[in-house]
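Down below is the structure, laid out as structure tokens.
Note that the chains take the letters A, B and C in the order they are written out, and that residue 1 is the start of every chain.
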């Protein structure tokens, strides 16, 4: 559990953005409101605002992820920041430099933000705890732990479609056990007070102790989808198909794939979400992914606005602290 | 054959730039005239115009090509656009995402242009047909099919040196059969009405049905060069040297390499062109490549201006369509 | 030996920055003074000056070096230049293009500066001798020959701490024989007239003929450190540990590692420097690297300002020559 004061300063402002846990409804909604103010930037002839001009944002990627890198790079450029992409796997660590020395070096170059992507859970928080006070750290996905900007853009998309978040019944379907996305989503949905969160998956993909998160567990998709407002599909890591955990992608689809027929069990105006990239025919059939109830591409679109909001808020918080330094 | 209306809208404006085929002389000359207006930008102290500020241009490269990437990246930056370089080979396709899903995702990020480089013929047109209306697609070279910005910069270079294009006699020398450059050049030269297009190559490198393109075929270089105004050399792919198609680079040079002696068969003010990179001593000897009649480096230079023109025209066309949207 | 007039024009202005050798004290101090004017840029809310707006700076890296690339990219962006990163190893050379043709091509694109990193000594000077007059070349490290921006930032850091350079006694410790950093440092310190330069290393890591550089050689660290004002540690290339040159990193540390106890042999206000990345526990112990006398992170910080100064001065020199062209 990350202490709230690692992410939030004494004035309630966001210093780092590492996990949804402990942020609280008010702060999450403030980020969403800020994202609203950026949502129109992509529609303008000049898709740019000068807010972070002259800031240096470093995408510090310890594992490759073109999609995540692209969204953060785009968000930074639309805020007019300068961006450095550093693939750490391919660089200094091969020269035997420690992670802390890499951080110290980038800090000394007076960078303002690290967007961290790492295969190990807790990496972003570790970096936030050990970095200089003038740096903001944003978690771009760490191991199985968290993918908090993904959870935020999910909230944003739901709010855009449903107006309010409180009364909703939401099903998260798929590999709950191994998904950083699911963990972050559950925390986010809980924080903003949705009525009911369901997790739907085969037993082997439900983490032990999930009840303590306040969710209802369903092993059958047909039951889990009944009367929900929102269906959040997870990407099935095909690696898990090898071995004993799951029999085959074909069989997975048979029991847990989202089809039009199953979708009809949800409320008529239910929306379908997916963090991407899609495994068509595995966790979702194309008719649904491309259908009228799918908001999958809106998630991508709002993802830029949400990341702009996180960058603007964290760096804004640092900016005010800087002014009080000598 | 790509339908004209895929590239040109009902007002005669360029939407995509995929192939020279079907564009027509007037439109090609309009692009050249626009390129003229950018040709001086590289000479200024500030090599930049604000025309595409706040646009997002994505270099979507499915095969690596540093040279092509560099020219498009530079053209985009000199137009003040934001540029994302995405090496698709190394990214989402490894996660099993389909090409269409990759496109949908980038569209949702509200990118404005894809510059597509692909090993497969027709890839750029496929993408143009399947992309959202707010995106312009520019072909940066697809398989053996087309390399239309190369053909345009060739036209631009010829016009700069010869004043008019119509009366000229032009020889294209080398691997006609496997060259996307040659195909695009023949279409471009035909469209603007040059007097005579010759192709010069060994039989094994002449594609069947080449006569239907309205060119004259020569198997001997000494005959093909006689009295031409322009010599367009092609790069010999050394891969083709293995196997039965060609005996050796040494023998190729013996019969088809451009030497000073052979150059003297052309008109005294003939210019020598090459798309690069050069195989010195294979298709061209250094004395000619670096000689007074060579305009090879001007081609590179004008290539930036021509790519700026294509970007400005296609995005300008989209900009006016955007204004009519809600 | 590089001739002075390759680097300095007839008006005494810097055209290229290839090596410290032959530059002279006055010019070196002018670069340091220019760097002073940039040293505060990183502290501003907008870490940018518009000095090189619209210039195209190419990082031409023939060997990978994330750290060096990052510092030059950052320096260029803080000067508002456009930056292209070209990994030459992975590109045109694989297509058989010669280095000179690669240069000609980039020149034709009207780039303004090449920052060259190359595994071979003399590569940057070779490129400077063979490039077009409108291009400035900056050496980002070539083989064992030179790393002149590193030496400059060392001077800058020393001057910041000691005020003047002349009276100082300085020890350079480590792999003198194989270090481009050490060579550049000795030239820089000699040029500005420090009182005494010592090199401290085992015999196998002292290059023959080092005496001719005007330095004092010490084989024992405890003697070499006595009463010095500045300790410049070098990074030990671990590759050298294999084979007969050095027994083990453990034994190296035993004899040549900088410990707090040994540091106490230097003057009480001596500063400790290291070019990074650190091999903690090999050439330096953590207590010293992170201690009160360490200025290692300041070196990184000032490295940006020094590289900004080199870029601004060389391109400024070219700018004035451009104005006199037609």
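FYI, a residue touches a chain if its C-beta (ideal position, glycine included) is under 8 Å from a C-beta of that chain, and two chains touch if they have at least 3 such contacts.
Remember, it's a predicted structure, so these values are computed and weren't measured experimentally.
**Student:** Rounded to a multiple of 5, how large is the rotation, in degrees, that superposes the C-alpha trace of chain A on chain B?
**Tutor:** 120
**Student:** Please tell me whether the contact surfaces of chain B and chain C are same or different in residue numbering, using the over-half criterion.
**Tutor:** Comparing the two copies, chain B and chain C contact each other through largely different residue numbers, since under half are shared.
**Student:** So how far apart, in whole Å, are chain B and chain C when each is placed at the average of its C-alpha atoms?
**Tutor:** That gives a centre separation of 41 Å.
**Student:** Give me the residues of chain B that touch two or more other chains.
**Tutor:** none
**Student:** For the complex, give me every residue of chain C touching chain B.
**Tutor:** Chain C residues touching chain B: 53-56, 82, 84, 86-87, 90-92, 95-98, 101, 104-110, 112, 319, 322.
**Student:** Taking the touch rule as given, give the residues of chain A at its contact with chain B in the complex, in rising order.
**Tutor:** Residue list for chain A touching chain B: 42-48, 64, 66-67, 70-71, 73-74, 77-78, 238, 276-280, 297-298, 300-301, 303-304.
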